[in-house]
Amino acid sequence: MSGPEKTQQNGAAHKKDDSAGVFAMSLFAAGISVYVSLFVGWLVLPELLYSRQHQPIDFNHAIHMEIVDGCTSCHVFREDGTFAGTPTLAQCIDCHEEVQSIEPEPGDEDYEVRLAQYLDEVKFVEEYVQQGKEVPWLIYSKQPDCVFFSHAAHMTSHKFKVLEGGKIGAPPVEFEHGEEPEDARCNMCHMAFIDGEAVPFGEAETLPLYRRNWITTYPIDIWGRNISGFNDHYYDSAKMDDCAQCHYDQRNDHQGQDACFVCHK
Amino acid sequence: MGETQGHGHQEGNGHAQGSKYGMVIDLDKCTGCGACMVACMAENNVPTKPDETNKLDTITWMRVFKLSNGKAFPEAETCYLPRPCMHCGGKHDAGHSPCVSVCPATATDYSYKTGIVSQIYTRCFGCRYCMGACPYKARYFNWWDPKFPADMKEYLSPDVSVRMRGIVEKCSFCFHRYQRAMDRAFYEGRELEEHEYQTACTQACPAGAITFGDLNNERHMVHKVVNDKHEGHAVLQGRKPFRLLEELDTNPKVYYLSARDWVVKAGNASLRETSPADKKPSGGHH
Amino acid sequence: MKLNRRNFLLVSTAGAAGGAVGSMFSPLSWKLMDDSSIWTQNWPWTPVPADGEVSFEETTCTLCPGGCRVKVRKVDERPIKLEGVEGGPVNDGGICILGLTALQLLFGPARVHTPMKRAGKRGEGKWVEITWEEAISEVSGKLAEVRETGRAQDLGCIAGGGKGVINSLFSRFMEAYGSPNFYWQATAWDCYEENILRTLGLNGTAGFDLENADYILSFGAGLLDGWGSPVHVFQAHSKWRENHDGHATLVQIDAQLSNTAAKADKWLPIVPGTEGAVAMAMAHVIISKNLYDRGYVNWNTTGFRDFYRTVESEYAPAKVVKIACPVDNKEYRKKWLEELESRAIAFATAEKPLAVAGKGNGDRPVSQAELNAVQALNALVGAINRKEGGMVVVPDEPKYPWKPIVMDAEARSYKPSLVSVRGRSKYGHSNLASVLPQALNSSHEGLKVLLLAGSNPLYTLADTEKTAEALQKVEYIVSFSSQFNDTTAYADIILPDHIFLESTVDAPTPPGFAKPVYGLAEPVIKPVYKTKAMGDSIIEIAKAMGGTIAQSFPWADSAEAMQQALGGKWPLLKRGGVYVDEDFTPETEGVRFRFFARSGMESRISIQGKAEQYPLIATPVDCIRLATGAIADTPFMVKTVSDKKLKHKELVVQVNAMTAQQYGFKEGSEAVLETPVAKAKVRVHCSEEIAPGLVGVPRGLGHIAHDEFVGGKGTNYNTLISPVQDPATGFDVAWGIRAKLT
């Protein structure tokens, strides 16, 4: 009759040992899981969720800004007040019917950069201009079909104020003699993210990597590069809440909200 | 590019100061030809099914109803009545439209700037409360995915989103035309003109039976007709503008004109069912 | 630690809990939730139309002869929508339901994309694609083969009409080929032309200055159901409603409460087919009350005495009421008579009265007797050639200044045409397409080749079964249709036409328009498919045939032929798209109206069927939402058709509630509508808009072929009736047929 008793006792002691082990194991497992899920959520997900695409041509905004007069010289408004977005071949062809730049020689200053630029122009002229084919640009700020965005309203309205550094909640910029440079408004929403840094498009010598969400197909610029969704600049992201935030901030009285049929169609 | 001062009376947040877009439909001119219905379909990317004879599931933002005086041959009379969304403002135009009040998703709201009741397709999840609430049956549910066989999707307009299965849609007073017209007005730095924002049905109506504009703007024809301030023109000829189911206090923005007494009565239950003596004063929004 | 089930569960639960806690602080679940909800908002199969630059281009709509100026809204190169052009002389900003939906004809499933050759049996719908070179060489080869037999008359052509350059190219081809068998289907407007020649001795079309008339008597003309140039008539109607100096009055004399009758100030219901008799009774009132325009009648008419004698002896209102009043009730008859008299008096005493005829939307012919009677009313009140609010004669276009046709012996030799009617004065027998099936079925000769140029006879001709039988006798049918329509289903080869948006087409003065207007449609988009303008196809066929036929077509394309044909108008048309003769004054010098009313003249055309066997009368119901001509409804138009006209795939007929009760039908009952010609399964709609004893049959339904939106819906009215020839012209003037409902 002792057999079973002994076994029972041993079992209890063993159980105590074992429960500590199990507790430790459980803690460990929980810890690992917390770590893994945080790791996956914060670091792996952003990498997996978005594509990495290069533009067909690495357009150099900075060079072009030297010879034109502001963003709307190329990103034009049509006569009916609508915004044409990316320029079409017809606008480029005046200068780029033939290759403009000179092929750099090895040993030249910035040889590699200049060679890349030269090759890009050759590609542009040969594959697009001469074929009469529009460049399939990847649009960073492409909004979904349900959105109606009026560039005309934002570019002409007196209600629109440029805020310091494009920072959320920052005070409005006082321009000298009230003369507001055109790109100040553009830069409120459009910035080029190059190597983690926000650069005004007009100063960018290269085009940012284009990243598209695999699930939504929206470009990363809509949600923003911070996977948490928290942003401190207006240009960081362009979801509906971001638009609403700016519309709210731009009101003197901080009262009321716009109707859906302002930005939706 | 010009600088814009906003546009006059539309500036500001107060409910009373905004525009109030509305319509007057002359039923004596309307011939029931259906041009408004198809103009609307073509303008707003409305799809078509092979069988559209079940009128409960056919999507027609603008629908032309046929009224009858109920008398026997040869005393019978009929009258066509085009019915867009009424863009109800609710009591005192406070925005308590029947549909807006019941939407759990804020997929439809009332704009104090234009008086237009919106419908945001991506926000709607298809509960159809609004359809039950709308006394004018102006809302439609997409039971199926839209289909544009052959190359018919080639003619779709980019100004209006194509709706998916499972959501509600309705007349928007061609709000995208307002957006386009405003784009131009902003760009040219001026106010919106009456003729610049007209709905597709108004534009198409071969009988010129529809007048559209800002009910709050004294210069607009709709304001003149509704408030009997038209000069020289015998537009009304003693006809009083009336609205459908006025006694419900939905405060619709679509007015009708008819010289025929039975038509006026058919459009308004309070006129039909109660005698003038015990009729409660209703609304009084004129 | 032992790895048993319990511990395993414990540890993994802890792990899961940790994962859950971790994920609360990780964006993963929140972000994926947001992303997946966005994903559900943008199904990839819901189309997203491409944006671009908006532009507008103007042209002239040629889907009906209405001649409206329209503009196409384009996004980049893509046509999005058609709209009316403000200031257009015919339509001033308005547009009709068909024009609005023209893009569904352009892009729709019924469009023919390339030349096709029949592969299966006729009507089976099996086709193989061929190239244009193959198509032109096959058709021209076939035509040459027939011509070599010395029987050029074995080629027939049914065109969409007799006017305009494109139709003239086809009639020219027929003439150069040597065949007299060129036809089109007459409408009410052909009848008016014939009548104008008979009563006024002029060659021209009837124009009505509706917008300026102040008292309009309409004898069954569906003014608001598609009659004339529809948008223009709608606008005239609206002007009547807002006339400052008092209302213009429209009185509709109609067998049913048509849309026009419903909009009229007064609807005078009549027994169908008695329009002419009622007009004569009104003439009786006007003459007997001495209210007629003596000046006009004395100086500008002939035959008044005879006319008066006939009217007096045969058309006293008390006599006419017996045949024309639709309600057999003493009290109502009295009221009806009073109404007829008072309206006749009001008409005669109005400042600018005008009487019009036209059978529904005007694409069905009217008998000469009826037109004589209605035109007599216009003569009695001096409305003929009255410039303001009157009926004017718009002269025919001068003959196109083309070089004469080069004729060889075959073309020159006499060939009898398949149909002939005695006493026809205008256009020979060419507008008698309605007689063609009968001629083909009874003749042993028939046609070897038939060209279908803008026509759809299997649908538009009365008695579909007989028409199909006749078509089966034709060896080789060439269709130029841009759509897979009813008759194209019987074709052997299709040479698909452009839609007007893709080609150059001229638009002569629209029917009923009171001024000469010429419109031009010009390409506003690039051809979407491998189609070719019908005019260019026939020129290419002529060239491929060589010899005198090729010599008769010296132009590079139809636009060049048009330029030559229109002479001085061409540059104006190229500049503005439309030409209006603003200074037009109708010819009055020496023009006298001849009253026709021979004693014993039967102004009622009798229809087929015996009353004992078929107690009811089927009459057509026209409505502008249903296109009744060669071009069928578009998908959007079908969508607007009432469920009281079409329910699923069944035709709904209108029957008075009393009649329905009499035959035991309720609203929506299934029934069989039988006429001496055919039977059809229908549903019954009880209506007070139609007299007892009538069955209102909507026209414009029951297409075969086409697509799932348009084809196979309801029954074609024309399958149920058979043609009845007007003894004066030979046109099919059947206004109905006897019928029974079981």
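As written, the chains take the letters A, B and C, and residue 1 is the first residue of each chain.
Here, contacts are C-beta pairs under 8 Å (C-beta built on N, C-alpha and C of every residue); 3 or more make two chains touch, one makes a residue touch a chain.
A quick map from chain label to UniProt name: C = Tat (Twin-arginine translocation) pathway signal sequence.
In this text the structure is predicted, and so the values were computed from the model without any measurement.
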Pair joined by more contacting C-beta pairs (A-C or B-C): B-C
Centroid-based (C-alpha) most distant chain relative to subunit A: C
Rounded Å distance between subunit A and subunit B, as computed from the means of their C-alpha atoms: 40
Mean-CA-position distance for subunit C and subunit A (Å): 58
Length of the line joining the C-alpha centres of subunit B and subunit C, rounded to whole Å: 32
Overlap residues in subunit A, where contacts from two or more other chains coincide: 80, 82, 144-146
Junction residues of subunit B - those touching two or more other chains: 122, 161-162
Shared-contact residues (touching 2 or more other chains) in subunit C: 41-42, 48
Contact footprint of subunit B on subunit A as seen in their complex: 72, 77, 80-82, 144-146, 148, 150, 152-153, 155-159, 253, 255-256, 258-262, 264-265
Subunit C-touching residues of subunit A, taken from the complex the two chains share: 18, 21-22, 25-27, 29-38, 40-42, 45, 49, 78, 80, 82, 84, 144-146, 213, 215-218, 223, 227-229
Touching residues on subunit C, where the partner in the complex is subunit A: 1-2, 7, 10-19, 21-23, 25-32, 34-36, 38-39, 41-42, 48, 53-54
Touch list for subunit B against partner subunit C, complex: 26, 28-29, 31-35, 37-39, 41-43, 45, 48, 50-55, 58, 60, 64, 66, 68, 71-74, 76-80, 122, 145-146, 148-158, 161-164, 203-209, 233-235, 237
Residues of subunit B that touch subunit A when the two form their complex: 1-6, 13, 106-114, 116, 118, 120-123, 159-162, 172, 175-176, 179-180, 182-189
